[in-house]
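First chain A sits with chain B, and in the next complex the same chain sits with chain C.
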Partner chain A sequence: MLASRTGRISLLFVAVALACLGVADIAVTTQNPWAELQRLMSGFLTPDFTAVDDLGTAFLRTLSYAFTGVALGAVAGFFLSLVFNSRVVRTFCAFIRAIHEIFWALIFLQCFGIHPLSGVLAIAIPFAGIFAKVYSEIIEESDPLSARVLPWGTGRLARYCFTRIPEAWPHLRTYTAYRLECGLRSSAVLGFIGLPTLGFYLESAFSQGYYSQVGALLILFYLLIATMRFWLRPRLIPVYVLGAPFFLGDGLPIMWGNVTRFFTEDIVPRPLREGEGWEGLQPWLMDILTTEALPGIWNTLILTQIALVATGILALLAFPLISPHFFGPKRRTGGHLLLVIARSTPEYMLAYILLQIWGPSMLPAVVALALHNGGIIGHLIGRMSGEIPMRPNAPVGINRYAYEVVPRVYPPFLAFLFYRWEIIMRETAILGILGITTLGFYVEGAIQEIRLDRAMVLILITALLNIGVDALSRRIRAYLRLKTRPTCEA
Partner chain B sequence: MNSLVVNDISASYGGTRVLGPLSLSVVPGEKVAVVGRSGAGKSTLLSLLYDEARETGVYMPQDLGLVETLSVFHNVFMGRLDQHPIWYNLANLIHPMKRPTEDISAILETLSMADKIREPAGELSGGQRQRTAVGRALYQQGRILLADEPVSALDEPQAHRVMQALVGQFETAVIALHDVDLALQYTDRVIGIRDGLIALDEPSNRLSPSDLQPLY
Partner chain C sequence: MRWILITLLATLTAFTQANAETLYFTAIPDEDETRLEERFSKVADYLADELDVDVRFVPVKSYAASVTAFRNNQVQLAWFGGLSGVRARDRVDGAEAIAQGVEDQEFRSYFIANTGTGIEKADELPGTVQGKTLAFGSRGSTSGRLMPEYYIRQRFGQPPEDVFSRVGFSGNHTRTVALVESGAYQVGALNYTVWDKLVEEGDVDTDKVRVIWKSPTYPDYQWTIRGDVNERFGDGFKERVKEALLSMEDPELLESFPRSGFIPASNDDYSTIREVGQETGLLD
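And then the complex of A and B:
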């Protein structure tokens, strides 16, 4: 088993993760982590919903940012998907989706200030890149026969609108709804860097020690996501999308002078700005590379590899909780609840909370990434395992797990895991903003010092790293002959 | 109008030859039936003929090529997408206009499908789906019909009505049929296919059902 291709690749990744664990900074640095956790738990048990004003605004803004951003991204992504066979468009989309929403938001905050436009664009742009790719994959998969029977001379657009798109419609809809859920998480997290969404209120409640308010915010957030299929009716979507822009709030007025300065001065590399020309550029780039980029890349890679393997282990341990081959319906409901909580809490939010409890190190980041991503993969694999027919005399318990179920779900499990590799890396870079020395840490630092030219170079490097990992993951999936569906949440 | 001519065509599937090499010519005005056991290569032959006659051909494949999520109206309307400017096509996609609705209703009337005009094709029975594809072929303005088992899911009276409509509308037609009686009644030339090759090619009036038995 271990000698197979999948076995060897798995072992290789585990070995790399163990080596990374050896050099990673993993420690609990707070004096009394359990007391902090206790306070958080008591906040959950005694949620305070009385701060209604704040709660209402927090959710209204979170929802309207998400709807506006995802809708814009979906429309732009749709049009991009029509021309996705062009190499230029594909590269452009890969690039804009390799930059995380938070990085986009950090850029736009410098440009437009605290204005709804910053948040909406931060969601819309990377989502457009993702939508373009997945929409074109879905449309590609639809049956070509209906297009073949069309009369000769039918235009390209008519061909598309009458055959490919209507055929792919149900899948496009499912995928867009799933992305809306992701958009809600992104929108909530944007609050942590100053936009008026859920994260903003969560952070202020945390920093003031109002744990009951934290509990209330989180409970409402879970309810919002868990009840999505009740309030997200197809007929209501136009209402939401058209209504959302009116609830974005005003924010601060945009200083157009700042916007111009941002493009013409702030992001122009300092040596060029100060007339040192290309000779000055090289030492400047070398300085960024050696003092910030390389340590950032190193830590990002270490954290990503540990988190990837931890995600895999957690998913393999968690999926039986919702699999009918192991537990009855009652216990499975409990398992579903756990996995829903794990996968609907954004990594950033989890990492923030764990950081409050354990203090700054890589540990909160690894656990947050593993919980969120492990929750998603565990959910998918658990559901998939339910479809395996089991012979009546099959072994039970751990034997069943090891001999009957895991061997069958292992290939799709690996496919999902490698699919999320790039997502984990994107997120790892971002967690730097919380103080873990990944690339985001240096980006945030450069922005604090208003050295936006340095920040842009670092964001660019992060994007290239993501594109690289994505390419590597695709090669490994091809080598292992793993099929991945575009809608990872089928 | 030109004849439909193919020379030495062949087709392979997964390394195995399923059709040909064979040559065939159909002159304008001819109605040809293609008969033979299932798997003999009839569908492949029709598909290749369609490639040849792409510009004037009207193709009705065995799998119909309907768009399941669109209504019967839209599936039939697709037969004339080449006739209108794009804005007109898109406007009809959003809301069917009066002219095409009347034309298409008239066609569906002859197919006893008028009451289904607004139903999505995915929710129809097999026979209704087949008649929708026939409707699309009848609505389309082409010269040569290439139909693959167009009446296989219909009962006898319906099958006769559809065959009459098809040979009435198209001057030239190549139709794959497994029903020998229909083939002899509605066409004037029969081509029998066996193991991917032409095993028989005779005028219909010189054949009787028993002559076609060896093909099956």
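And then the complex of A and C:
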């Protein structure tokens, strides 16, 4: 194992995670976690679809926020992808996608208040950054031949629209549809911070112990995601996108003066606002750094590393469930169901549920991150393993797993895992809002104290941390000679 | 390409719907949503009758969101706690505390503990709470965060994080009781009226959780109104709102707060809260 680069790097990450586990707080703090779990389960068994009078509104808003946000993001991302070879644009896109949707929403809630615009922009902006990057990569990989035969002097936009894009179209379409699913998850989660989507009602039901309502909401959410391929037909998409803005609801009127005030006063560091100048700024920054940023970064890193390795282990354990080399079609259906539930539940929602059961510590966060991300990677690897030809006399059972299949899927597995490293970290920071002391905990604290200048500094630090991990992950993937962009980007 | 443009236009029109003159008000989400909804939908009806304008209650998910909505003029009136009220009035010129509950002149926090801890009720905050886990209410709460933190610092000379082994935020007072009752946290600090009401209605198992200390008194909740309401709703509107609040006599309505009645208040009534806020570093 030590002889190969992949082996050494894997062991290094496992060792780091074990060390982190030693200093992490992973206690179960509720006295009777099983009773709580039982109540939740009974809620699933006795879902009450009549109790939430706004059930329809919840789903309508969730869908319309997702469609409008993703559509705006895709349009903006498309135009950005045309100029993605500019360094400035690349950096800008890396920056806007390094800030999580929930952080964007927290920012916009300060300017626009509880208004659909806050939610739509919170989805559209980071999605634009992601779309720009992936669209440009997809277009880059398309066949350049037809573009070359165009006469000299053909404009850039025309060249793109008539040659490169038609070539790349199927990939662009698949990817956009996939992001729509992500958008639905993001939209649902935005409810947890006060926008009128699914999370809003889920949080209300949970915090008051109405488990049958929780059951109803979750069951409908899974149905919505599981049936996506039936109702999300390419031809219907324009209809959805056109219709969505009309179902956003009206919210409270926006006062534009607030937007100006947000930029010219709220986020200006207090020492500058109060005229203490640069001398005052330094102690102010040092205070944030030592009391909030450093502990936040430390805990974010610890949690990320544990969750990354846990995700890897879970994915390796889970992929045989849907692999034809191990199970027949019937059992695989069960496996698919498990993985669909795991990957379609947003981490934030899972962590929220597990926190109710186990109490506040890093444990619910680790499990939530591992389940969601492990579900995604397990699904991708399982599907990929089906394509591996197996000789007729190949061993079966554990030997087939350990000596035939895993070695073959290990490189793509690592590529997926490192690809998700940055995503896991982005999510880890956010889970702080639930009370785990990662960076999000301090951002939420600053916002609750209406110290938006502090919140802004902490959000910037979180973004830089994400950009750093993204760069590191790319270097590791290059060092391991892994494909830098897994084909099915998740 | 065309549908893209149409979407953009549709989005813009959807965003620019104007509203007629409606008085919006909000409240800090200090209790279960059902209770809040029940309480404030009644208040909205009452105010609409008294003031002859449309009145709409805006539910929010956090204390900060209620302050932000007030500051952003998306609500013009709010039922704030002591701390959230100071925060809001600091940020809105001319904003005024106009009414408080009779009980709010001498409000208290209760410290409660899971009976499994064996902590007994005492005249001062028991020393045995040290090393236990503590649940505050919301981060922005006066009776569930600011004042308890102040008394903990006074009693032990240390911030709560150093006195307790774990400090968390439940979100609201009802939830604090639930968490201490279930044992998720060993000790909790909350609004005394919420506790009394839960006990009275039998919604808490007093064999599992009990009060271990009652804090000294301080000023708390109040109705705060923006300074510019008269320009928007007509001369004397502020006075009319104040009158309406002070003359609220329907026992069912008052019981839902629970308050025995409302009395006039002023910004100066909350100077203690400001001082304590600055001392604990929660206010600048």
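Definition applied: the second predicted complex is superposed on the first by the 479 of 490 C-alpha atoms of A that agree within 3 Å, B and C clash if a C-alpha of one lies under 4 Å from a C-alpha of the other, contacts with A are read in each partner's own complex, and residues count from 1 in each chain.
Criterion: contacts are C-beta pairs under 8 Å (C-beta built on N, C-alpha and C of every residue); 3 or more make two chains touch, one makes a residue touch a chain.
Keep in mind that this is a model prediction, so the values were computed, not measured.
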item: Contacts of A:Ala478 with chain B and chain C, given as first, second, both or neither; value: neither
item: Chain B versus chain C as contact partner of A:Leu157, first or second or both or neither; value: first
item: First (chain B), second (chain C), both or neither touched by A:Leu45; value: neither
item: Touched chain A residues, chain B compared with chain C; value: C
item: Contacts of A:Gln31 with chain B and chain C, given as first, second, both or neither; value: second
item: Contacts of A:Ala3 with chain B and chain C, given as first, second, both or neither; value: neither
item: Which of chain B and chain C A:Leu248 touches, first, second, both or neither; value: second
item: Which superposed partner A:Val23 touches (first chain B, second chain C, both, neither); value: neither
item: Partner chain(s) touched by A:Pro170 [first = chain B, second = chain C, both, neither]; value: first
item: Intersection of chain A interface sets (partners chain B, chain C); value: none
item: Complex contacts: residues of chain A adjacent to chain B; value: 143, 145-146, 148-155, 157-159, 161-163, 166-167, 169-170
item: Chain C residues within the chain A interface of the complex; value: 3-4, 6-8, 10-11, 13-15, 17-19, 24, 32-34, 58, 60-65, 67-69, 71-75, 87, 91, 116, 133, 138-140, 166, 168-169, 171-172, 174-175, 178, 182-185, 282, 284
item: Partner chain A, residues of chain B touching it in the complex; value: 54-61, 63-70, 74, 78-83, 86, 89-90, 93, 136, 140-142
item: Chain C-facing residues of chain A, complex; value: 29-32, 36, 68, 71-72, 75, 109-110, 113-117, 120, 192-194, 200, 203-204, 207-209, 238, 241-242, 245-246, 248, 250, 252-255, 258, 270, 359-360, 435, 444-445, 447-451
